[in-house]
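Shared between the two complexes below is chain A, which has chain B as its partner in the first and chain C in the second.
Up next is the complex of A and B:
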């Protein structure tokens, strides 16, 4: 008690020196001098079944931080360096939410964050970050993320409900362009987990018919499959011109594609369209082999295309990964969005960065790392990126390459004509 | 092809898929059936022992080079069969140091004959194996790569150019090996002296002791054989099915349903129980939405429990 009431000689001296400095340099110069580093956060699954995706996200974020700091840090804050705070979202929405709570309580000076791959995790995390007024970027697809009236959630991907329609329209256009004939019949196979069910909801509710497609077989299964024979036998009987296939487990992809190979429907004989990041991972190549994957097309929120060759080469060299995929590319881009917002805010304060994020309207900056929007970065009143588009990726020769949009395509799509 | 031929092909294809799947389920169930039949232990870790068997076959095939040495096709089968002896020893050790503490003669007088401790022990064992597997092998699915899993023998066409059945090569070979292992085991249990001692220990442990049979040793052997048989089934599954450390959970329910369906304590019944599950799972898709195929399995299971509680091959015995 005595110490609290009677400050020591050293405390008096320190206070005096600080006061003198404040008078000598003025408040703004002192503030600049104090900001040595600016903390940004990444919450990603680093343990459990999605640990690999979390590790990929961290690789992209680390590379972005390295680039920003090598270029002189945040200029409007006197070259302050960016520092990444990483939290493990684990294997459940509950653990992800706990990670967000730990972040806001133990790291009060974090100014913005990104995460956390799965929509269910992102939904849980943003309940916490919104209350803490922490600006939060996400690649997750769920519409709900930006339909809750939150002010500090920023979604760079095209929301799921738009993605489904865009995927089918683009697939039909590609087929018509490559073969001269627009597919008229389709089969749908998906598992009954949240994401494929949401993806196909509007398509099943008349969406496919409106596109001029007749559904010749439609199957929903409970994952994991023990055997894909009944599903693929139906394809053999129904003979569709296009298959929309949306499993979520890698094991189900393997069983379905192997069975299609057995029944002579693989290698583009029955064009397959799918959706989602797991389809572009090196693990799926290792598990299925390049022959089974050949020709498989999937839509995704982001994939490296033209103009990102140097970034991809550096990423491969830095990490030893065989290619740059959606997850590291998005987290790289998200850190770049944060840099632009912090530069605009001019101070390391989460509210100011949030305001700056809402006002952001840049061209040729962070927007280069996301498809659509004419290379710009701007969010609408819901927090959705203006002009966001999808990318079509196709497995060609054992590598997933961008085939659409044309501006970003590194190869032409292959669509077997017969 | 007209509607009749399409439907005929669908039925034949589902039947073939059901037989292929049922054969491998049958072998898994036999492993669990031996352990339950001889020891009266409900082993919740059986699915995870199968998972260990799958990884064992995988590493025999890849790291130890069986795949390179014998070729992918033969190597996959040899790796699965070699998993048997390795997992037999693993099972013996598990029994010696863990399972024997809560089973056998030493718990005969305890409340519930030690079943409470057995449940907790085998459940704990399952959790340790699955999480230990996650630490050791990671969460990315793997499988033994061979052309067998994505190629088929075409049987037919039966009607002109139409109605063919495609028999997946990996699953076809797995069925043949399963039948051979199950038959060998059947003859071992029914014809050999060791088999008779196992049956004696299962039927009446006290009388078996009086007749000079080492019941603890018989139990240890039963646990080892049960582990090995399920592991061989796992090794065969690994040649066409991607797996990760939690794969045991996908199969343990099937194993229990198969054993109960066939009749608790009946080894041959366990095999047919597994076979029925495979057939129902595949044939159900002809009349029900695909996502209800497992529901159909459990409807049949509940019907059998309701109409014939002792199972299809079980007998009601009142011990003196």
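Up next is the complex of A and C:
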């Protein structure tokens, strides 16, 4: 494959943009490391239904670039500045893939990249970046991303199949700790879109029973809901001690939570555990209001905790966002991972950066921006972050705060004692 | 009949239906292919190579849409169903069974074709908007089915051991070549359809489904064939799309956008023209991408606005697509005078005046019965449109069916040729019971029919409009064209064969309609108000033509209002009033019948007549 790729890449280089020409033939200062600028890429949905998430991701990445350059750039490259190349992944996997193809063709000197939020987009993008041997970071949860035998895909989140088990075990532990009693019964409600189905697959196939949970009701619906009454009615008569609720659309959250409120199951009376990034957004607060959300617990790949107060404050000031959430925090962290890999590689070359990424083993650096792993950053042979954990976030008083792991917890979890 | 088998200009098989030398259609295809290959050879940038692959992919889906919807006019909002099934077929065969996409593509095509059959069979019961809307439902339903089946995100595994055997190439140009080959194959199918009775039959359906049925076209089976072919192409290209994208998700292949893409390519480029979707894709895919690349990261979303506006403008200024607009403009520029020269002097068909009409004796009294109608009735709720009607038509006769407005004349015709099913009664044609048969099978048996409202296909020539009626009586298309030319000679329009039907006068349209019915070589011809709306000279000409057709041995039943013309034309009258037979007999006797006069003119005049 590489042999076939080479000639075309060389020609691309020759016909490349003025920017790359400037680097190649620019002021001939001698040393190898005389690069003035190193390009890294972000492919994110900046238009279409996921544009908001893309914008958030860009905010995080921009802030990281600003910090790195203010601290003197890449030291091993003589203080070369980092530059972010942004491409729009649009609203479909095809457009995301096109963007990746455009990136590798028209920006041959990009050394690493990150994107693109939705796991189907990330799957499509990495098919391109892998073939171009461009190291690629992703926050997407899908297991498949790192099961294809790719060498250049690096996943910082705990993969979905582990996330489900972790979420349930952690929830049970939290409940036991807070109430002194481990829940024995559970109800499951989820829609039939990709991530909830993947999330519940193993749980349904005996996973919950193994945790000593009896499933008293189990419903899968096709979004959007027209009326949540039947689902919640069933829930009330099933009387579970815990509810695993995984809708995708905000409107479905609203319908379900409103109906639960009506039936007297809200405000933690029936503890609700959920999962995913949409639950921590300011939009959901605007739509549902703080009362409906109060007590809702969700697991997520990343959330700012103890030690990130400064970053959060700066982010809020810089962007006007009410809080720092998973998406900007991850892209901030991803750029920091890239910095470490480029520093280690000592070369502005994607293959060298890829090698460095595989060898990376740092403590107290970029790992601080991701949960678990003892604050370190290291990838296993699949490209998965070693020791990745999940974060539990709970809505308390109109703000989503980290309640687990304890090391990062900003507040104690609220669990209503019966 | 023997008279017409003499020399007919241009009826030899070397001439194809467009009147151009054979294979003329091949040159644009060869030119396009060479040009595209040159582009593939030159372009080195992998991103542009990907664009070069996506253009033929979406063009092929557009062609598939066009084969069903462009030609037949049955708009499908659901081509994503075939596309997605193809994509998933290939993916599942690969992922779960290890079957290479080289074979998977054929599997995808087969599943697409099968889906066409399964979807088409029930859905063709619906027409117009109802058809379009129910087509919309299939991909939406399939989207949820595939989510339910657990195929939310399936990615095609990378086969490092034998990449080429699994359609995985590091050189993107190979994908472009495969896509191009698939597009050319689809284009050839489309061109073949366009130029054969398949395409003409679909056009006839688009123009007027009932008339097509009455012209002996088995509309249901042609529609079904069209959706099967269309589904096959969409399925195969959907399969290939999975190979290009390497990840299949229900929204990416069954989504509304995919169906819309198929439709937009054809609408933009040219509806009902094989090249239309190719033009659409060649303009729109790069345009969308350029907008996306140039504006997407600066003003997110603006690319959609620009694209939307440009599509709206195209629809406003070229409602049938760029291709037709350009073709019309070119035709207008160079064609103004050749149309007048060809049309002008021939407006009065030669040899048609009353003077030239061969003397025609009426049928002999013992001529065998051709059509026998007994006790035919049809009610719509409380309205008895046709009530217990019985009459016979003898071979070689011209029978006039007259009656005031609303007497049930057209309904009677609809019952006779199977467009409407009668409640009770018996209809025997040439000794065979034809009650309850479909319109196309009745036409096949030899009953032709014209309609009151003539709706020709304006962009087709007179000959092409007429040939639609000839398919029923012929096996090969060449034969059909010979037959159509004969029919034009019979109505005296042989000189107008190459005119576009869009520019015809009312009289020419009536003659065209008559020729179309004659092209099927009917034994019995039902003429519905053929003289309506014609000036007195034109009526005379038309009477001559009808008499001559009768003299050639075709039995005729004609509905008409214009009494004075009918008296001179018909051998015998059947008078209908309020759905029942009021009188029957020779014209002189019937016109003196007080009951008839009363029905036509009211009581006052019938008193006059008696006096």
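Note that the second predicted complex is superposed on the first by the 385 of 418 C-alpha atoms of A that agree within 3 Å, B and C clash if a C-alpha of one lies under 4 Å from a C-alpha of the other, contacts with A are read in each partner's own complex, and residues count from 1 in each chain.
Here is the rule we use: a residue touches a chain if its C-beta (ideal position, glycine included) is under 8 Å from a C-beta of that chain, and two chains touch if they have at least 3 such contacts.
No experiment lies behind these values; they were computed from the predicted model shown.
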Between chain B and chain C, positioned on chain A by superposition, is the outcome a clash or a fit?
-> fit
Look at A:224 in the shared chain and tell me whether it touches chain B only, chain C only, both, or neither; answer first, second, both or neither.
-> first
Now for A:237: first (chain B), second (chain C), both, or neither, which partner does it touch?
-> first
Does chain B (first) or chain C (second) touch A:263, or do both, or does neither?
-> first
Touched partner set for A:316, first chain B, second chain C, both or neither | neither
Determine, for the superposed model, which of the two partners chain B and chain C contacts more residues of chain A.
-> C
Figure out whether A:254 sits in contact with chain B (first) or chain C (second), or with both, or with neither.
-> first
Would you sort A:290 into first (chain B), second (chain C), both or neither based on which partner it touches?
-> neither
Give one of first, second, both or neither to describe whether A:75 is in contact with chain B, with chain C, with both, or with none.
-> neither
Between chain B (first) and chain C (second), which, if any, makes contact with A:184: first, second, both or neither?
-> neither
After superposition on the shared chain, which partner residues are touched by A:49: those of chain B (first), chain C (second), both, or neither?
-> first
Distance floor for C-alpha atoms, chain B against chain C, superposed on A, in Å, equals 6
Jot down the residues of chain A that show up as touching in both complexes, chain B in one and chain C in the other.
-> 48, 51, 192, 222
Enumerate the contact residues on chain B facing chain A in the complex.
-> 1, 6, 9-10, 13-14, 16-17, 20-21, 138-143, 145, 149-152, 166, 168, 171, 240-244, 246, 250, 281-282, 285-286, 289-291, 293-294
Show which residues of chain C lie in contact with chain A when the two form their complex.
-> 44-48, 50-51, 54, 144, 147-148, 150, 152-153, 155, 157-158, 160, 163, 170-171, 245-247, 249, 251-252, 255, 257, 289, 292-293, 296-297, 300-301, 303-304
Residues on chain A engaged by chain C in the complex (per definition of touch) | 1-2, 4-5, 8, 11-12, 15, 46-48, 51, 54-55, 86-88, 90-95, 97-99, 101-102, 104-106, 119-120, 123-124, 127, 130-131, 142, 144, 148-150, 192-195, 197-198, 201, 222
Spell out the part of chain A that touches chain B in their complex, as residue ranges.
-> 48-52, 192, 219-222, 224, 226-227, 229-231, 233-234, 237, 250-251, 254-255, 257-259, 261-263, 283, 286-287, 289, 292
